[in-house]
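The following pair of complexes shares a single chain, subunit A, combined with subunit B in the former and subunit C in the latter.
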Partner chain A sequence: MSAEVKLDNHNAAPLAAHPTEKKRPIFEALKSMISSKTSLIGLILIVLLILVALFASFLAPHDPTQGDLFSRYKSPSGAHWLGTDELGRDILSRLIYGSRISIQVGLIAVGIALVIGTFLGAISGFFGKWLDMLVMRVIDILMAFPSILLAIAIVAVMGKGLTNTMIAVGIVGIPQFARIVRSSVLSVKESEYIEAARAGGARQFRVLFRHVLPNCMAPIIVQTTLSIGTAILDAAGLSFLGLGVQPPKPEWGAMLDAGRAALQTAPWVVIFPGLAILITVLGFNLLGDGLRDAFDPRTKK
Partner chain B sequence: MTTLLEVKDLEKHFPITRGAIIPHKVGAVKAVDGISFKVEQGKTLGLVGESGCGKSTTGRTILKLTEPTGGHIYFDGQEITHLKGEKLRRLRQDMQLIFQDPFASLNPRMTVEQIIAEPLKVFGMHKEERQKRINYLLEVVGLSSYHKERYPHEFSGGQRQRVGIARALALEPKLIICDEPVSALDVSIQAQVVNLMEDLQKAFGLTYVFIAHDLGVVHHISDQVAVMYLGEIVELGSYDELYAHPKHPYTQALLSAIPEANPHRKKERIVLKGDVPSPATPPTGCKFHTRCPFAEQRCRLEKPTMKVVSLTGQEAACHFVEEVSDVVG
Partner chain C sequence: MINYIIRRLLLLIPVFIGVSLLAFSLLRLIPGDPAKSMLGNKATAAQLQSLRLELGLDDPLPVQYKDYMEDVFQGDLGYSIKSHDSVLEEISTRLPATLELSVVALIFAIVIGVLAGIISAVKRNSWFDHVSMTGALFGVSMPIFWLGLMMIWLFSVTLHWLPPSGRLSVGVHLQLITNIYLLDSLLTGNWQAFKDSFEHILMPALALGTIPMAVIARMTRSSMLEVLNQDFIRTAHAKGLAKYLIIFQHALKNAFLPILTVIGSQFGFLLGGAVLTETIFSWPGVGRYVYQSILSRDYPVVQSTILIIAVLFVLINLITDILYKYFDPRIRYD
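The block that comes next holds the complex of A and B.
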């Protein structure tokens, strides 16, 4: 390349005496999140849930699928802390194993929505024009359906089961990601550092994936967290309707459905799975809200 | 002396569209409306004018960051007006941009090293070579290699601007468009950065188009100055000549606005009345007539063209060049 030219640095920039501590926005966000009570509660709930799911085989006192017809509908007691269901299965054990399915559904469904939604939103916001028009109209059509109805329709077409539930819930989540990503791409792509990247000769896709998208991460992370809660709820809804996870798998929504018949005589069969769903969704929502506040510079002190 | 950059009748009109379903054009903002100039290799052209007069758009159009709507751009003997795709990308190596706002022009998610490495990577430089080049560039702009790991928000405005300059130098461009590189900085830092840019010009033989809104800064660095008003160049000449004998009333007004260091020296101040008219509906005739203290009927009707007004090639676009310069000069 060029001959190295030596300059006398009489105008060297004044340097900071102490190299400042490395502050990455993501760590800052985490720190401010922990300092807020509600998001801390959310974080604790989610961590607990993950631990329960990981160590389900150690924590569960009974086999979640092994019934005992002589102990049907037993109220909570020392032997069965949360009682038993219509087949005499231990509800606590089923809840513990059910957390695995819920997390699995939550992560995979949201993963599908995240990848497809982000991609669609990114290209439509970045390239604009007819592509934007096309993608966003399809997204509008998806959004016109109530989410659970759309999920039911998809499962009805593809068939019941865990995999199809995850796909259906994932597809339902695409529009939100696409819209959020599109709007942040629209604002980020006008920044000067994007122009700088173009001036530096970067190709379109490099500009989009190396420069634009990383600066849209905050809303995407928040939406992901909030969506996991919704996805778990949607999946439980599908299972409740008998379209999702099939018995004897211990899924919380399916457990609700099974206990419905004995709601008056054995309310614990319904109450505890309901509480489990509530706490999980609450946990993800609190965490998501906390993340949103943490990423929003206006809420910083 | 060879001409590195030539701009001929360059136009950039932004359409104003109405209608969400069937968008149709209802007008145009004439951000740049037929400007021409030449820049010699290794020289600096200062481009001055008020906010919104089209200086930055001119810069961006030359770099082809926005597509010109008319006119021609010649760079290094080659017409680049409608260059696209891979050829345009190759051209980027020779033309770079330094931005006005050092806070907005650096990607906040990248370290200084990544920022400077980006154009090198894009054009396929190897890792070790890249490292050497980055260290060298940092040194050249007066930063140290330990700054590499840091993020832009850890720097002051002046330091950030140095990072921006290092990025612009990375590909060894021939031409750098400087879009108000110092107007966002403190006055004390301004001088440092302008000096740095002058040193770099000497060392690397760079050609600058230096955009600024104040003639004081331009004085330091420019060989030639073009004064813009509402998307047009109204006066063009060497700085000294322009300063000594401004021919266009707008240039005179701008010059009279430069603060005087000596409080005892009385200076006639020409204060322009009113605002810059909207570039979507520019005035007829001479665009400056709405604010010109010398305007007459002819100015409202007839558009003045650029005329050579001195032996050294100073040009101005005013019907009353002689009369006006008599009044002030």
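The block that comes next holds the complex of A and C.
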């Protein structure tokens, strides 16, 4: 019993102290996110990755595409910290420049999924009826394929290369956004403030995009973060299969594929690109998990 | 329940039509002349024309689709334009290999994932919890193609413990019944073949099962934590029930539904991930078959294989949903 009383006091205190202060949920969430250790690590990893990509030309000790055939498959040393690959190129420099490709793929692919998926989910949940039926059947069809397989099939039709990889990985991500946005729109559109906006005479699209969608931001932000990690992973998988980004571009998955033949004699050619993918994806997953916990009142301490 | 199953089966019809349209469009969406794209620039006009005739590419699209679907329903999935083998035959010899790999991967994922999740939840904030949840975080972020290569490097190249590729060693004989080697060797009582095929499947199945294992472990932990905090668990403790009974009979039973959903969704991941895993470990399954057909631009094979995988995937999802309903009487779909 005493524990309950204590809890009540604890909860009541801040409310009483600032009775009129308007709480901004986004900032509250950000604050609790930064105070969590795991999401802070995720944030640090991502900031580091962005810095590496921005300052690649200063950080890379060598030219990422310039090989030296006399120093092929050199093991890690003072001159080449992570060794050299099959054409004598510096692996560290290639990894550093490769971060640009991964960030680009992650952002653009998820951008495609985010825009199309959110739009489809929003109109489907908001207008309902036949439109909902139609959109959801299309989503069902997209979800009938294992995602990496669908991406492979799309690239097989459209051709290899960076642009098509981003489009393929983007299309594969659409269903998740559509479903998440649809279910949040369904719950938000019944709220009283939406009723008020309608009563105020706002047009349908205005209600949807100015009043409903902004209140669905939390799950969208979480899904975006997690999706960037998945997109980078899928794109690396495509490039590893030789269907995505093509050599000599220093894409991490493509580097793994090229190094595979030398696994027995020069394992570093394979070890480091994989670690780069793992750490990058880990960063986005940590941040996504942290954001989800921060937005979800149930998991708050 | 029966009504629910019938309604779900009816809802599958539009999905199947859409899936078949999408698989069908693959070949037709190739920019330029599909025949030229398949045969290459060196093909003569006569060769191109005969391929177009063979695939019916000159017919109007609705006619082509109707012909294709008629063939599919008669069990004719077309022929490879490279080897001229029947796609149905090729798939039926490879599908058991993929199913064997996926099921073994899923068993690893469920057994290890659920156990790790339960122990983590029961011993919350212990060292085991921290280690296994950190491992699970790395697991969900894992590029499995890299993990596969690392396993080969460590266990095959360096330690010589496990074979790097294939399903069975040269010289080991096995009488095939189902084409599922582990099962066939058990059925024929061939222990040598069982041990050998188990050694072959160990690395690919672990690599393929890593992400599902991590996802299942995390889901089990959070689902168990939620249940363990409830009143009826406290009551069970108060009654003096044995701890393992409470965990496995009372808590797990109630925590199992979200875990089941995750398991179902991961099976689809396994079918897709099979493309990467089978390629790395030279596992002669459907995933590698699709991949090789894409590389050799054998589009009739790609079209039918993708169709089969999608149909399988949809059916597995349906079975998960039905199981979900079966295990949770609170859910009423009608």
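Methods note: the second predicted complex is superposed on the first by the 278 of 301 C-alpha atoms of A that agree within 3 Å, B and C clash if a C-alpha of one lies under 4 Å from a C-alpha of the other, contacts with A are read in each partner's own complex, and residues count from 1 in each chain.
Rule of thumb we're sticking to: a residue touches a chain if its C-beta (ideal position, glycine included) is under 8 Å from a C-beta of that chain, and two chains touch if they have at least 3 such contacts.
Since the model is a prediction, treat every value here as computed from it, not as a measurement.
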Touching partner for A:145 - first (subunit B), second (subunit C), both, neither: second
Which superposed partner A:211 touches (first subunit B, second subunit C, both, neither): first
Touching partner for A:78 - first (subunit B), second (subunit C), both, neither: neither
Touching partner for A:198 - first (subunit B), second (subunit C), both, neither: first
Residue numbers on subunit A that touch subunit B, as the complex places them: 1-2, 4-5, 7, 9-13, 15, 19-20, 22-25, 191-193, 195-203, 206, 210-211, 214-215, 217
Subunit B - residues contacting subunit A, complex: 60, 63, 65, 89-90, 92-93, 95-97, 99-101, 104-109, 118-119, 122-123, 133, 136, 139-144, 146, 149-151, 153-154, 156, 158-159, 162, 164, 167, 170-172, 192, 195-196, 199-200, 203-204
Of subunit A, residues touching subunit C in the complex: 38, 137-138, 140-141, 144-149, 152-153, 156-159, 229, 233, 236-237, 240-243, 253, 256, 260, 263-264, 267, 270-271, 273-274, 277-278, 281-282, 285-286, 289
In the complex with subunit A, residue positions of subunit C that touch it: 14-15, 18-19, 22, 26, 29-31, 137-138, 140-143, 145-147, 149-150, 152-153, 157, 268-269, 271-273, 275-276, 279, 290-291, 294-295, 302, 306, 309-311, 313-314
